[in-house]
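As written, the chain order gives the labels A, B, C and D, with residue 1 at the start of each chain.
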Amino acid sequence: MHIHFLDPYHHRISLVHSLDARVKFVLTIAFILTTALTPHAAWPVYILLFATILAATLLSELGIGFVLGRAALAFPFVLAALPVIFTLPGPALTSFSIGDWTLTVSQSGLERFISVALKSWISVQAAIVLASSTPFPDLMMAMRAVGVPRLLVAIFGLMWRYLFVLADEALRLLRARAARSGQADQPGLKNGGSVTWRARIAGGMAGNLFLRGFERSDRIYMAMVARGYDGEVRVAPLPPLHAGSWLALGSGLAVLAILLGLAYWL
Amino acid sequence: MHHSIEVDDLYFAYPDGRKALQGVSLHIEPCEKVALVGPNGAGKSTLILHLNGILIGKGLICVAGLPVIKSNLGKVRARVGLVFQNPDDQLFSPTVYEDVAYGPLYQGLPPDEVQNRVSEALETVRMADYSRRVSHHLSVGEKKRIAIATVLSMKPEVLVLDEPTAGMDPRARRSLINLLRDLPITMLVSTHDMLMVRELFERMVIMDDGRIVADGQTEVIMKDEALLNAHGLEKP
Amino acid sequence: MHHSIEVDDLYFAYPDGRKALQGVSLHIEPCEKVALVGPNGAGKSTLILHLNGILIGKGLICVAGLPVIKSNLGKVRARVGLVFQNPDDQLFSPTVYEDVAYGPLYQGLPPDEVQNRVSEALETVRMADYSRRVSHHLSVGEKKRIAIATVLSMKPEVLVLDEPTAGMDPRARRSLINLLRDLPITMLVSTHDMLMVRELFERMVIMDDGRIVADGQTEVIMKDEALLNAHGLEKP
Amino acid sequence: MLYAPLPMHIPDGFLSVAVSVVLWVLTVIAVAISLRRVSADLDERRVPMMGVLAAAIFAGQMLNFTVAGGTSGHLMGAALATILLGPWAAILVMTTVVGVQALVFQDGGLLALGGNIFNMGVIGVLVSYTVYRAVQKVAGGQKWGLYVGGFSAAWLSIFIAALAVGLQLALSGISPANIAIPAMAGIHALIGVGEGLITVGALVFIYASRRDLIEAGEKQQTGGAIVWFAGLAIAIALAIASPLASSNPDGLEWVAEEKGFLDAAQGPLYEIIPDYVFPGVSNEAVATIIAGIIGVVIVFGVAAGVAYSRKKRLTA
């Protein structure tokens, strides 16, 4: 069993894929930061930001449908921002009542809500393009380049490596439980047990997973020691950035700076 | 019609597009014991996961007289005992007793009936005095027996095992083979252990690339070295 | 004296008191290939972990001419390549390249030497074009080869493998056996796969209960069914 | 996705930049201290252990149990990690889990990552630690202390973290405090029960199978009084601040605006094109439509340009 589909990396031959991971990483963060710094209701800048990420999506060959589809995943959280439509003071647009309640939609409230939803949607697209066009080992290189400590990067690497192994184990546990969750032919029996019993079983599965994780980490430790590990995390030096990468980084940041400038000083 | 497995023209693809089953048909009579062999990735485990509706593909499956469809899943799962390869994936309760009791408890059986089921199942796998033990500390062979007991306690009509002897030493393997021989129940066993196939099963089925490529008497198929080699198998 | 394994009267108990080795002596000549068999819990893995000082017991061990003591551990580990049973435990880096480069990197070799070692090791296991691959996408057989490459890149003088064929289908197993046959290096292999023992190893050692109970020509020992049965083994 | 995450991973766009930056700073400090403490530990086994257990928590979040009516309970894991690994390693483990969720699965934003790590990693772990230690003290090493401590630590870590999320959303001006905080608190008071039950189930399993691990975890609880008080302070501060904030939402709004937490006042943009009334177009609706059309044209123009150049490159 392989949970391949957990790995978000999609291999394509594209400009975005071939861009140095460090550049992509920094540009993605800068893009999201720019989006966050853009004031509410700055619609023209939102449009330009969206156009930028759309261009990146197109250049990545990932498919617009794929990126937009995945971007919808982050949408449920938008509910959290729904109340501002009614609570932010401002000129009233319309109001309606549910029972005794009267809800008034204010213009500034609506604007802020739409702004938040748009910002969130545009940002998540950028994150998707990054994750889908960059293999995780390259992301780790980018993390090191921006100064994440080696020890933490090493933990990230181990987690990524074993994520799939343990996700497979979790999946098999779930299957084993499902396989034994049957219904007797005798009528009148209450299926499924009590909620606390079911929770305890799920907890047992978690404990089982943890325990095997512990024991596996012991074996991994031995395998590391057998190859010279001495408690210190050592890594090969980062390869230098090419001139082209510097250029891409510079021009990307310049575009974002212009967008931000537009948002404030148009 | 009871206690049988009937699979007709089954197709299944994983979400990533991998076509794991491409038209599988297989009929097993009540109390027949059949071995399922084939190279890694042939689709054996995938087929097995269809037999109690953990995966649902396109095609018809009837197990123990019940069609495997959404509305039947509860009943089907009580009738089919599925034992996976790694017993560690199946023993998620602290003690052997609780693990063997999971199925009966889930079905909502009364406490003394649960108790009976557990003792009986442990008796069958000859582990009666292990019920208070912590599963984690048992040997591979012992864990495997307990895993079998966890499904026997549901009194299944059909037993399906995925690679039961993998990773066992010869002694544990021998005692498992004897146990399987003595269970009077319909059985489908996926394995790479050709010696066990020859010893235990009169009928064997070869899968490769999502299809059944041979189905017949073990004696006959084992002699056909060209066929075995063509599907990455070896005569024992 | 080089490339050899010498173990003299080795005792070891786990912290919980379990006596896993009770006076083991074993001498292996340079370039000899020896199989280590025995039931589950015999102490095979425990013995293997002593050969590069992951566990340290009471007794004398010399590997490739070096005594295995605290002050030597770095050197010893560079000379003994240990391949564990489960390749998933041994391939702990995100990519194949990083995994194979791990040993040389920790030895402090310069970058281009590391690069050479990696290519050479991958070449030897015939996986040269896998270096950018991510380990979790590989099949069991492929993983096993990469695991062997991770130790070959350290240019060990002695190779020790723990149950190399477990869980492999016949095809992957066959290709591994051929690979092991072609490696011109001292080799100690623990296994339950008696067919492989007969095919690949001229000498075999049987362990049981922390002791070596037989050591000699495979041909001779394999004929002694009484001996095999007494230690939970079976003639293939 | 196979696992259904808690509604606690804040996506990008929801936290104001000021709030994000403050939370990033707090997170970096906490992680830096944890790294120092774990490195000083000199236990080489802990690196692979933290990596694998981070993976185990991630995978453990796939495990669920049905509650009723199609809803199910899940694990977050901060309390379990704290009990088994001690606070420092647990912070690193949770940082890794939340980091991979954001970086790779877009579960939670990248700019918001500082906040998410802070809520689930730092707050979750410190609160778990405080509660678990306190209960252990009272229990004096008796077995019930493990379970009661585990349950309360798990429940409270979820609940307090949820309060923090609500407060942060309110501070960012995204959701009024009197709605965000009670809503988050209410949902997670229930979710926390599931977390507590699963955590206890896991502890029962591990206690029965490998008691030594729990005892080893006990020894790892070397946070000392300072960590204990930090957890207590966070829990109390949030428990007090939240009802205050939600009963005075306007006060919070005031803090937010006064302290510049709310982003750049509604842009200078409108002062130049107020309400998008284009010069020469007097009808507001028409102006809006024109603005919309211009926007669509820009987007399509860029898209078409990129598509065209890409095609040329491919055929070249």
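Following the convention adopted for this analysis, contacts are C-beta pairs under 8 Å (C-beta built on N, C-alpha and C of every residue); 3 or more make two chains touch, one makes a residue touch a chain.
Treat the numbers as computed from the prediction; the structure is a model and nothing was measured.
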Higher-contact pair (C-beta pairs counted), B-D versus A-C: A-C
Inter-chain centre distance, subunit B versus subunit C - centres from mean C-alpha coordinates, in Å: 33
Whole-Å gap between the CA centroids of subunit B and subunit D: 42
Gap in Å, rounded to a whole number, between the CA centres of subunit C and subunit A: 41
Inter-centroid spacing, subunit D versus subunit A (mean Cα positions, whole Å): 13
Contacts with two or more other chains, residues of subunit C listed in rising order: 92
Two or more partner chains touched - positions in subunit A: 4, 136, 157-158, 160-162, 165, 169, 173, 192, 201, 204-205, 207-208, 211-212, 216, 220, 224-225, 229-230
Subunit D residues counted as touching two or more neighbouring chains: 48, 204-205, 209-210
Chain-level touch network, classified as line, ring, star, complete or other: other
Touch list for subunit B against partner subunit D, complex: 92-95, 134-137
Of subunit A, residues touching subunit B in the complex: 1, 4-5, 169, 172-173, 175-186, 189-193, 197, 201, 204-205, 207-208, 211-212
Touch list for subunit A against partner subunit D, complex: 3, 6, 8, 15, 28-29, 32-33, 35-37, 39-45, 47-48, 50-52, 54-55, 58-59, 70, 73-74, 76-77, 80-81, 83-84, 87, 108, 112, 116-124, 127-128, 131, 136, 139, 149, 151-152, 154-163, 165-167, 169-171, 173-174, 192, 195-196, 198-214, 216-218, 220-221, 224-225, 229-231, 233, 263-266
Subunit A partner contacts - residues on subunit C that touch it in the complex: 49, 52, 54, 74, 77-78, 80, 82, 84, 86, 88-95, 98, 101-103, 105-107, 111, 114, 134-137, 150-151, 154
Residues on subunit D engaged by subunit B in the complex (per definition of touch): 204-205, 207-210
